[in-house]
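Listed next: structures, encoded as structure tokens.
Okay, so chain A shows up in both of these, paired with chain B first and chain C after.
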Partner chain A sequence: MQLFAKLDSPRTVVLDLVTVLVVIAGVSVLAAVGSSYLQGALVIFSINAILVISYRTITTMGGWSFAHVAIMGVGGYAVAVLSKPPMDIPVAVTFALGGLAAGLVSALLAYPVLRTRQYYFFLSTFAAGEALRQCFIQFRQLTGGTSGIAFIEYPAFVQTGDTLQFLALVLAVFFLLGLFYLMFDASETGMKIRAVGLDETLSQSLGMNPWRLRALSFVLGSVGAGVAGGLLVSYNGIVAPADFSPELMFKIVAACIVGGTRRLYGPILGLTFLTIVEEAFRGVPEYVPFVWGGLVLAATLYVPNGLEGLVDRLRTSLVRRRRHA
Partner chain B sequence: MQRKISILAGAAALAAASVSFAQDSVIKVGVVQPQSGECAQWGVPITRGVELWAKEFNEAGGIKDASGNSHQIEVTGYDNACYTAGEELTAFRRAILDDGVEFILQTFTPASRKAIAPLATENKVLTTSYGAGYLSADYPYLIGSVTGSPASYMYLVSYLIEENPDIEKVAIVTADHSFGEAARAFYKAGIAPYTDRVEIVFSDPYDPAMAGDMFSIAGPIASSEPDLIVELGFTPGQQASFVETMQQLGYSGLFASEGWTMNFLTDRLKADYLDGRIYSAYVVDASEQSFSPRVAQFYDAYVETYGQAEWSVFASVAYAAMTTIEAGIQMAEEPTGEAVRAALFAEETVDNPLFGESRWAGSEIYGADTHLLTPLPVYVTDAEGNVTLDGIVDVGAWWQENAQAALTELEAGGQVTAQ
Partner chain C sequence: MLETKGLSRSFGKLVAVDGLDLSVGRGTIHGLIGPNGSGKSTTMNLISGSLKPSAGQVSLNDCRIDGKSQDALARDGLIRTFQLTRVFAELTVFEAVRLGALAGDRGRLNWRAVLPFPKRGPSADRAMQAIEKMGLGDVANQVAGSLPGGRQRVLSIATALAATPQCLLLDEPLAGLTATEKADVATRIELLRDEGITILLVEHDMKSVMRLCDRVTVINFGQRVADGSPAEIGRNEAVIKAYLGEKGARHAAG
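Up next is the complex of A and B:
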């Protein structure tokens, strides 16, 4: 806590920590009382929660990457390839290796894409993501081509088909990664990255190395995506290129726009909201893209800082009322 | 006396309750298909086909099982985006774990079938497709109801080569997708017995995202100067655009695909260009009235409900696929996935309501005889843009004669999963 107090506002850090714990508690309670389907949906939600908090780490450096889901695919494919013959590495170990593989690939991508800014960065990461997806398709001997790799197993310590046990694993990973991103965000390096995100030129004039800081943020965020990809393919039992599509990328970006990215709880709020919308409209799936698009537009126009901005406004008005009282 | 009356009343109430139970019992059927986006051009008519199949029984008081009990059929559509494996699995989780569905019609896309195989088998949900795609002895609840995708591609291209001795060059146009990959392998398997006289001049897959720029796809195909183009992966609208582009590039050969939505073609092209050149073979096309009176009635019902402009061959494909499940329900003591599966596989053949006696097969490709081989009608378009019956392939006989050559190509294309 001393480190947090020194480097960031203790209140916001605590709020982020509370968010991580609330997500874990909320998901656990729902899973305990919910149906098998709900438990499965919560696994996917929790994996997506890892994805959005790792994505948020990238956005702190001032760029919105569109390669995040493809990099998630790198982690997924690493788990599939390494856990199957002839490698036969234990699945639990491959989760970590998947994260490392995603980090490595993102480090290679960082060199060209981080030379761009604003919409050029968006376009270059989109192109990089598509290139990665093409690699999943074209390197058939390794990746299984468009059909992918099927029948990937759960880790040995999780009983096959036991969704609750798998959910516990995902929540444990979410907690560890959440804590890591939280501490990183609150550290001196994390603050410097946010400073670069706010004003790169000014940060450089203060002696910071923006490229290095941005690359670090890009790589660390990608490691989380790789781990999330590994968990997803193990849970689904299959990895295929189509699962790392621009549609999922749009969902992650939408969660960050609707929820906000200033704090860790923003994208989680956004993801929760979008997941509820998706479930509410499951009988009429053709309306989901329309509703999501509308929400993103509404958030951009009326709630520029997303739901977290709304929470902040509510909190401020409550404090003011108390003072007046 | 009073006690006797109350016992009688109780028995009557129980009987009434059981009768009411028998009548009110509902069979839940799921259709996992694209319900939104461009791929809904396939998914929506497929879902409608199953809904009309159910309506046919529901209006007649329900479908009767072997015990004589009638059951209403409730059909629910689930979205799988555009045949992506992860979304397929999510849809199956919803259907099975949340809605308690007992029977599901899904895509033949191998990746999607593999994704749901453990879940469907674990929950004993009988999961069929308008073809096979992927089957396995490890997953006995995955079946193929009819001769459709992707095997029909093999039979269709072979039929055309047999019937048109002038064909020397074939172009295979498929999407870079799991179902496109399967189609490519099966088209090649259909050409394999004729390699002494037929050459594959084009087989590069295209990126579906690039299908908006049809000239970039069609240009290299036209340059290879084929006599026959076999296609799989374009949506109905893109198919028409592709044929139109090939016409503009001077192509004058034959086209073949699983099916064509004629409204799109006749809107864009003159009848004389289409006359005798557009072939298809996909389970059954109900718009052609002579093959079976029952599918002809289905076509009329579809047109009456949705209008002629909404007609798509994919509706009749789904309808036909459900007739095997229908036969199973009628043979089973109760309409559960387990009982219907047992009834269907009690014999080596099934008397399909549309196609007659058909044999279970598939072990050489999939390691399991869980694909019902029904005869395959082949259709061609006439000068008025109508679909007419050109011939019927005896798929069992074809396979016996050509299995060796076909299996080599299927193996190379990664479609053989038999151990």
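Up next is the complex of A and C:
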């Protein structure tokens, strides 16, 4: 049995690509027939999907960051500040700038934070994330404090108030970023990053520069988060520190644990599953955190590689059955 | 090729390596031996860059390399293996060795990967060659962590080999191998030397050291006790007293 996905097997990437396309198709169909409430939920889901695939890129280097949502906030605030007077930069352009800003902040953060490993990494990223959130609150002149910045617009090519058009934009970004992360993952650099995640000492002894590789995955993952943040505030029309809460961070981490992170499709499956659960419990929202916690526990105990692990098991048993037949 | 001059390292009051001079000739197999705690592993760590020396220098091809980071040294062609076997246990043998082959390469975005027919690239060929050279062809598609200890040890050498070393530092390459495996791996190490790779190895198995090495340095308490061909070392009184014992000496003599 193969424990690890073949690093460059074509079949792996096909499965990832198919998942991305199925999600896009599924979301489009649901949005076309659904209520306006559902359309809104699908926009948020698709933005979260960008968030989880960018988060997965960070986890491949072996560290689970807790600053991802705060870095997403950097992108969000960048869009808010840059698209409004006195800057007045077109919203579509600020999406890219928001991604860059998030990448820049994460590069600065990488210097202290990537010196730590395991639970120290977890703790230092958590602290860094909280520090960023405090910045959103404290630098009132720039960020509007706890009440944030309101009246942020859709990009010019999306009709104001047209959720479906905005959803199409989010899905397009999801597709492009998904494609980029897939190519990066399958590249030699992507393989080296996973090698560092598996055994840093051994990788370094072979000539890889662990520090640079870890920083690269941290920054590239953060760029995706920044773009997602920009889309979120543009869709909401308002940005506030509460949008980038630890609860959202936990949701991202939970999606990655439940879905698995070895491949790109894992976190997407995890997020889909968790979102369905969340919607199923919409009448009793107070139970949702409880159910999530239970699912994460169940995943760690019974399906250690997440839904990915289940898919793998299913495939191996299918192959075996075919061989016996 | 590889030289140390006055190499020293102390941990607090303990002097682990004390003014060691070592000279490894190009394309030779050089053995570094000594009793437990004599400073062999510290020496390996100092040369490979995972420890910084307190004093003295290390040079590769007449360029000073002490103070360089481990990965920079590896890219210069000085690659080590570890005393406790380190392999990418979750991967298949082929993938694990391939990472060694990739390590020094510059990465590019692999746009072919999202097409149905990705290219494997030259690193895959280099990995396959290293696997064949170390005799792991039959297990190339098995998960590295599921191999028996001895073969994992060989795998760690194959991984290092795929990273195209000029100079290999092998920390007890034969530990945990059966007698047949030892003979097999020793032959393969000789073949690597014949290809022009310089090899410095630490090893406890005296028979193999005497058979395999072109030159041997004996250290004790971090200092050099003797240096010479295996036969000379076998005859050296100080070495016999300190380390080898009667049996080893007789074997070396003939």
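Everything that follows uses one rule, which is that the second predicted complex is superposed on the first by the 318 of 325 C-alpha atoms of A that agree within 3 Å, B and C clash if a C-alpha of one lies under 4 Å from a C-alpha of the other, contacts with A are read in each partner's own complex, and residues count from 1 in each chain.
Throughout what follows, a residue touches a chain if its C-beta (ideal position, glycine included) is under 8 Å from a C-beta of that chain, and two chains touch if they have at least 3 such contacts.
Nothing here was measured: the structure is a model prediction, and the numbers come from that model.
Q: With the two complexes superposed on chain A, say which partner A:E188 touches: chain B (first), chain C (second), both, or neither.
A: The answer is second: A:E188 touches chain C but not chain B.
Q: By the touch definition at the top of the document, which applies to A:L202: first (chain B), second (chain C), both, or neither?
A: After superposition on chain A, A:L202 lies in contact with chain C alone.
Q: Could you list, by residue number, the parts of chain B that touch chain A in their complex?
A: Those residues of chain B that touch chain A are 35-37, 40, 79, 81-87, 89-90, 93-94, 97-98, 110-111, 114-115, 118, 122, 176-178, 180-182, 414.
Q: Mind pulling up the chain A residues that touch chain C in the complex?
A: These residues of chain A touch chain C: 1-4, 6-8, 10, 13-14, 17, 179, 182-192, 195, 198-199, 201-210.
Q: Which of the residues in chain C come into contact with chain A in the complex?
A: Residue list for chain C touching chain A: 48, 50, 69-72, 74-75, 79-82, 86-88, 90-92, 95, 98-100, 102-111, 113-114, 116-118, 120-121, 123, 143, 145, 159-160, 163.
Q: Could you pull out which chain A residues touch chain B in their complex?
A: Answer in residue numbers: 35-38, 40-41, 44, 137, 140, 144-148, 150-151, 161, 232, 236-238, 240, 242-243, 245, 247, 282, 285-289.
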